[in-house]
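In the two complexes that follow, chain A is the common piece, with chain B as its partner first and chain C second.
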Partner chain A sequence: MREQIDEVLSEVLTIALGRPIAPGEEVAREDEPTWDSLKHLQILFAIEDAFGIHFSVEEMASAASVSDLKAKVLASHAA
Partner chain B sequence: MRHDIVLHGYRFGIRPVTLGDAAFIVGLRTDPELGRYINPTSPNVADQEAWIARYLERPHDYYFIVEDLRAGAPVGAVGVYDVNDGRAEWGRWLIARTSPAAVESALLTYRAGLDVLGLEQVYCRTIADNDKVVSFHDSSGADRGRSIPEYAELGGRTFDAVEHTVDRARWASMRPRLEQLARRVAGT
Partner chain C sequence: MRPDPSAEAISRHSALDRLSWPPILFASRLNRFALMKLGAALPVGGTLHVFRNHAFEGVASALAPFLDYAGVPLRPEIGAYDDSLALPNGPMDAAVVWMDFSRYPRLQDDELVAWLIGRLDGLRSQTTGPIVVANSPDSDTRSRRVNEELQAWCDRTPAAAILPLDATAERIGAQAFDDARAALTGTRLSDQTCLEAARSLVLEGLAGRYAPPVKAVAVDLDHTLYEGVLGEDGPEGVVLTEGHRRLQEELAGLAARGVLLTVLSRNEPEDVEKLFSARADFPLRPDMISDWQVGWGRKSDGILKSAKRFNIGPDSFLLLDDNIGELVETAAAIPGLRQLHAGADPALTARALARQPGLAGAGAAFAGRASDLQANVQRLELVEAFEDDNAYLEALQVELRFELNPKDRLGRLAELSRKTNQFNLSLRRLDEVAVSRYLNDADQGAVHISLADRLADSGSVAAVFVRREDGRLIVDELCVSCRALGRRLEDVMIASACIGAAQLLGATEIVFDYRAGPRNQPALDWLAAFAHVSGMGAEGRVVVPLSVLEATPARPVTMSWIDA
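Let's look at the complex of A and B:
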């Protein structure tokens, strides 16, 4: 499951940020100049679609890194 | 200026700023991260009230509070100002870090400027170093135009600005995607 999550996050972020993001690579929103508020939503919704999960409004605002996104997917599937 | 433009979107809305919003605006503008690329703001609420009082008498200036319609709480501020010859600047755009209102507040601001006020074009000038906001405008589909050298001096440093413009044709092409994202944030 973790490998699948890494693969999907890599694919989603590579498309959204316009640079290669390796599976498992840690990326923080604050360090990425092009991870803007619009792309942030596109990233979240792509993850929702890929894993059949839902981010609350609070989670949308607080998700700040690949680790946060991965933790959300894992928690949703554990629930 | 005193205005009565109220727009409700899917999850967020905009309404006119009032004197009662002074404390909220001070909180936004003195947030170290949000306030990084704006002119320094007094932490004194009375100073902000005085600024709003002057703003209310100033023509061609529309200042809004962005509200979370479900929570009934303010989450940001935005303005359309310097209206002249069918054009206006939009800015003073600050959204609380705890809210995903950026996309819908931009959408509502374009609606206010281009649909309600009937402007032909709105433009936004962003400090070039403010890379996330510059990127937002690029991502939204706004037309990146000229660079404005030595646009502002903040904290003893001089910054260039990047100007993005949106005219009616551009707005028609941008709007569906912004609407789609705003709808999805609202879960509708």
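Let's look at the complex of A and C:
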């Protein structure tokens, strides 16, 4: 499951941020100039559709890195 | 900047790449991750100006694959949040109005409607490009009133279309809205609604304007129209699943709208005949099929033969086939051929066919085409029977009806200009707004021509757009549908139209503007022969005195004029 999440996050972020992101690579929003609020929503909605999950507003606002996103996907699947 | 309508100009994907897109683009529930993975880039071309008072970004970020697939060369340019719907001074190729009407609580319903329609009229006067207006997704009394007024405005306004958020919201249900996230997203609409809006905006709102028309569909049989292989399972053994039923119903609907259907199959002709005789449960009936290309030759040859029979270009075909190998072969042989892969889910194929760019709006242009085609066979027999043109026309009992400035034909006139390829003299591609000016301006005019003979009613077949300039009649655009070609009527039809327009506008000389394109040689050849000129360049003007037109030999045809 973790590998699959890494793969999907890598795909989503690579497309959204326009640069290659390797599976498992840690990327923080504050370090990525192209990860603006619009891209942030695009990334979150794509992840929701990829895994069939739904983020809360709080989760959407607090997600600030790949590891945050991965944790939230895992938590959604565990719930 | 004028958009380049060629799909090649905007696409970074090959036609074969796009064969795998329909399951994602036409899914009953769109998936943003799947759309992103298609890797489509926004086209280089004109601008789609977005007027909005709530976030459009969720729509804009999903537009690229739909724009690419439909060959719509527009790139969204999102304006600032603006409740006042202020109009810019700069040019725009197309516009979408994306307003949240719940943001006007201080306005009475009448005030809101009057203000909105006034702004839309102002927008219409600023651009000749298409305008798509998103209606209200809400179902309260005010929203219903707004939506009615918007629809009425759209009905009376050229090149205007509604983006029906009300229908989208009804289909999606409660999940159409996401109020909890509105502070983050900038809109009350859910992401699913935004994705649906992106799809509707392109496929229903814009594709009809830019995508080349599909005039005929060539359809495979085995594993496309039904499950199974006719040669192995026999007529009774192949299975009509519910999905295949829907697909056949969709094809039958297209035939009813005048789209020509060709059965293109590697089977024995007698087996195919038995199939359609035996299977009364097939919604697609033999009399809906205009041509049968059944045999073991290459499918591209079958399409070419069918195109010749229909008197249309082979790139006006859409091929529907389950076999990727056949799709590859035909794509290589026929540049511009549209293709739809009949995949494992026939219901999805039916949905994709229903919304196929270039096909979705088929209607007025094609009405009567199939019966006219059948009549063509008899016309060819008559040509052979009569050596003399006049005897041939007399036998056909041709009737030509000319209408000067018929405002109720605005849509069809624009369609003739936009879609006629072979007999189009200047390739100006007039849109509805431009045509509207020809119909309404005192110094301009448009002549619409209908054609019928004793074999069939060909309906609307030609248009001439003219204007007066220094006492001369300038023919800005002249187009004759391929349905009317080959009946030796071009001279009398065009001369009569120009004489009528010249008399109305007081001109004594006719000037034909022309421009050579990839496919309009028949029109140029006609002009050269008619005006006795040689050495015509890539573009230019040919001047013909009115007296020369008036000396055009009379033909035994019945002509009538209707002055609107």
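FYI, the second predicted complex is superposed on the first by the 79 of 79 C-alpha atoms of A that agree within 3 Å, B and C clash if a C-alpha of one lies under 4 Å from a C-alpha of the other, contacts with A are read in each partner's own complex, and residues count from 1 in each chain.
Everything that follows uses one rule, which is that a residue touches a chain if its C-beta (ideal position, glycine included) is under 8 Å from a C-beta of that chain, and two chains touch if they have at least 3 such contacts.
Computed from a predicted structure; not experimentally measured.
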> Who does A:Ile15 touch here: chain B (first), chain C (second), both, or neither?
Replying inline: second
* Once the shared chain is lined up, is A:Leu38 touching chain B (first), chain C (second), both, or neither of them? -> both
Where does A:Gln4 make contact in the superposed view: on chain B (first), on chain C (second), on both, or on neither? neither
Considering only the touch criterion stated at the top, classify A:Ser67 as touching first (chain B), second (chain C), both, or neither. neither
In the superposed arrangement, which partner chain does A:Asp49 touch: chain B (first), chain C (second), both, or neither? second
Looking at A:Val57, would you say it contacts chain B, chain C, both, or neither? Reply first, second, both or neither. both
Where chain B and chain C land on the same part of chain A: residues 38, 41-42, 45, 57, 60-61
Listed in rising order, the residues of chain A that touch chain C in the complex are 8, 11-12, 15-16, 38, 41-42, 45-50, 57, 60-61
As the complex stands, chain A meets chain B at residues 33-42, 45, 57-58, 60-62
Touching chain A in the complex, chain C uses residues 31-34, 36-37, 39, 57-58, 61, 180-181, 183-185, 191
Seen from chain B, its contact residues with chain A in the complex are 11, 68, 95, 97-100, 102-103, 131-133, 135-136, 139-140, 181, 184-185
